[in-house]
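Some structures to go through are shown next.
Same chain, two partners: chain A is paired with chain B first, then with chain C.
After this line comes the complex of A and B, so read on.
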C-alpha cells in the first residue's frame, strides 16, 4: 500500500465527487479507511482484487457496532454509509471510520508446492505482478451503479537468466476473472522454451510449513515451444474454474513475447 | 446634572448624521468574561451585501462549542446551504445539536439547496461527523425587520380596536 494512504478528506475539500483509492497490495493484511461518508461504493475499473470488504458503524450491531458487507465487480453498494468520526468501534475504541480491505487473499510468499514442480530455491526464480486494489467511494447520490472491471493485458518479453534446469515463475492476479487468453511465441535463436500454466487459489497458511494449504490446478501442462513457434491457450471459468492467480512457468530467458488478456466476461467457445 | 436626569444620566440619542458608529455592539475588553456581541442598532452598507462562499465543517471535538454557520446578529437574512459531500450535517438554531443524527436539527441533503429565513438575533449552528463541503449563500433582508415591526404594530393596533367593550361583571 502507499503509506500514508490518500485522505478522502482531501478529495472532499477539493470538491471531487468521489474518493478513489488505487494502490498496489504489499501484504495480505493491508487495510484502508475513509473519514468521509459515502453514497455508494464500487470496485474500480483497474482493480485486480475482485471482492472488497466494507465495515461501517451501526449501533444495532452488537457488541462491536461494526457492520460489514462486500462489494464486487458484479455488485456495488448504493446507499448512504456514514463515517462516524464522532464515535468509535468497540472494544477497539478506534474512530468509527469506514474501513475497507481486500476480501481476496494475496500471498507474496507463495512458492509453487507441486505444480508444475516444487519450487527449488537454488535454481528457480519467482516474480509477482502485485495485485492492484481500486475502490471508488462516491460522495454524491447515485441512481444506480454498474461497476465492472476493464479487461487487463499483461505483456512480457524477456525473463531473468536461469541456472540450468531452473524455472522462472510469473504470478499474475486473476481474482474473479472468468476468461483468459494467452499468446506465447518463442523468439530465441536456437533453444526451445517450455511453458506451463497453473491456477492457484491461496489459502491462509504458514508458508514455511512443509505442507502449505494453497491449491494448485494445472491449466496448461508444460509444453516445449520450439524457436520461432507460437502457442495459444484459453482458460474459461465454466471449463477450468476460477483462481486467485495464474502461475506461468518458463525455462528460458527469451526473448519470448507473452501476452495474457484477462476478462470478467467469459467469451463463448 | 444628576438632578436633571436622575441616576440614568443624560437621555440617549440615536447616532448623529456623519458621526461614526461602531457596527459591533458594546463588548467588554475583559477576556476572562464570556460575552456575546449585541445585535447592532444600525444597518450599514456592508450588511446589505450578498455573501457567497464555501463552508467546511470540521471533525467535532468534545468540549468545543457548536460551530456557527451563520450569525444573524446584524440583520434578517435568507441563507441557502447546499451540501456537496455525503454528510451527515445537521443545521439548527439551537447550540445543542449533537449528536448529528439525533433530530435536534435538520439534516442537509447532498446537492439539495436548503433555504432558511433567519431572523435578526438568531444563529444557525451546524454539527457534523467530519469534514464536509457546503455551498453557502447569505442574502441580507434588512427590510424584513421594519416590515415585521410594522406588522406587529398593526396587528397590536387591530387587536386592541377589535377587543369587545366589556362592562363590569361581564364574563366576556
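After this line comes the complex of A and C, so read on.
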C-alpha cells in the first residue's frame, strides 16, 4: 500500500454499502484505518493474508476504549463495530478510528538460512510474490457472513539467468493454507533443473545478523528433473504442517512451466 | 544486541529487546515512556505520519492493559509484534510520508526507552 490509503468515507457517501481494501503489502508494518463504523468485517476472497487484527472503539473496554479482535477466512465478524471520530483512545488521545492490520508476519528481507542451502548473495537470486491483503468492511446490517478465500493459482515459466552453482528462490505466500499442489515440467533443451520446496514461518528477527530466527522445513528435497520430465508434489497441513510461505528453489532459468495451486481446504489423499 | 542504527534494525531487534525489559519486569513502564515521547513526533494534523501514530496508539493501549509485574509471555509476543511493525512501517515511510527528522527522533526514543 502506498499511503495515503483509500478512504472508507467515499464508499459510505456513495452508497456502496461496503469498503473493500485490496492492496499488496509493502512493508511488514502496513496498517490501515476507517473513519466509518461498520456492521461487519471479513477477509476477502483474494487475500493471501489469513488473519487480520481489528481495533475499534468500545466504551466498556476500560481504560483504553480499544477493543481488539481477529478475523480469518474461517471467522468473519458480524455486528456493530464503531469508529468514533468524536472521541479518543486512551492513553494516546488519538481519534478512535477502526484500525486493522495483518496479524500474519511478512518479511521481504528473508533469505534462506540453511534449507535447501544458505543464500549466497554472489550467486543466488530471490523473488517474492508480495502478499495481497483484502479486507471488506460492510456498512449495512448483515444476518450472517460466509467468509472464505478462493483457491489461488500461481503460474511461472521462465526465471532469472543464474551463475553456475546458483539458485533462484521463489517465495510464495501460504498463510493459513492447508493444501498445495505443484506441477513442474522441465522444458529446457538439454539441461536438468533441480527443484526443492521449503516451508517458512517468519520470525521477528534481524535478517542481516549471523543467526536469523526464521523457521524452515523441507517439504520437497531438492530433486533433479531431466529435460522433458515432470514432477508433481502435494503438501497437506495434516501431514506437513502450516507455513507463512513456500520457498521454491530452482537451478535453471528454464523454460520450465510451474503451476502451484493453494487452497484452504485440504483435499483427501 | 546493540543500539539500533536504523529503524529496520530496530524492528529486527524488537523481540530481543523487549524480552530483556520483560525479564526485568519493566515492560508497561517502558512502553508508556516510548509512546508518550513518540506520539508528539507524529501529530494528528500531519496525514503522512498517521499510520505510525496508529501503531503508537495501539502500542500505548496495550501498554496500559499490561499488569505492572509478571506480564504473561503472550503479551510479550503481542508487544514485540506491534513494535516490529511500527518500526518497519516508519522505516518504509521515510521520505514518503514522514521526514528523516521524524524517523531519527523515533529511533532515538527507541534506543532510549527500549533499546540496549
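In the analysis below, the second predicted complex is superposed on the first by the 269 of 269 C-alpha atoms of A that agree within 3 Å, B and C clash if a C-alpha of one lies under 4 Å from a C-alpha of the other, contacts with A are read in each partner's own complex, and residues count from 1 in each chain.
Note that a contact is a pair of C-beta atoms (placed from the backbone, for glycine too) under 8 Å apart; a residue touches a chain by one contact, two chains touch by 3 or more.
From a predicted model like this one, the values you see are computed outputs, not experimental measurements.
Model built by superposing both complexes on chain A: chain B and chain C fit together without a clash.
In the superposed model, A:36 lies in contact with chain B only, and not with chain C. When the two complexes are superposed, the chain touching more residues of chain A, out of chain B and chain C, is C. In the superposition on chain A, contact of A:80 is made with chain B only, not with chain C. In the superposition on chain A, contact of A:139 is made with chain B only, not with chain C. In the superposition on chain A, A:9 makes contact with chain B only, while chain C stays out of contact range.
Of the two partner chains placed by superposition, A:262 touches none, neither chain B nor chain C. Seen from the CA centre of chain A, the centres of chain B and chain C span an angle of about 70°, rounded to a multiple of 10. Shared-chain residue A:55: touches chain C; no touch with chain B. Taking every C-alpha atom of chain B against every C-alpha atom of chain C, the smallest gap after superposition is 14 Å.
By the touch rule above, chain A contacts chain C in their complex via residues 2-4, 26-33, 55, 63-64, 66, 89-95, 97, 99, 101, 105, 109, 203-209.
On the side of chain B, the complex with chain A involves touching residues 56, 59-60, 84-88, 98-101, 110-111, 129-133. Within the complex, the chain C residues that touch chain A are 8-9, 11-15, 32, 35-36, 39, 44, 47-48, 50-51, 53-58, 60-61, 64-65, 80-81, 84-93, 96-97.
Contact residues of chain A toward chain B in the complex are 9, 12-13, 15, 35-39, 80, 82-87, 139-141.
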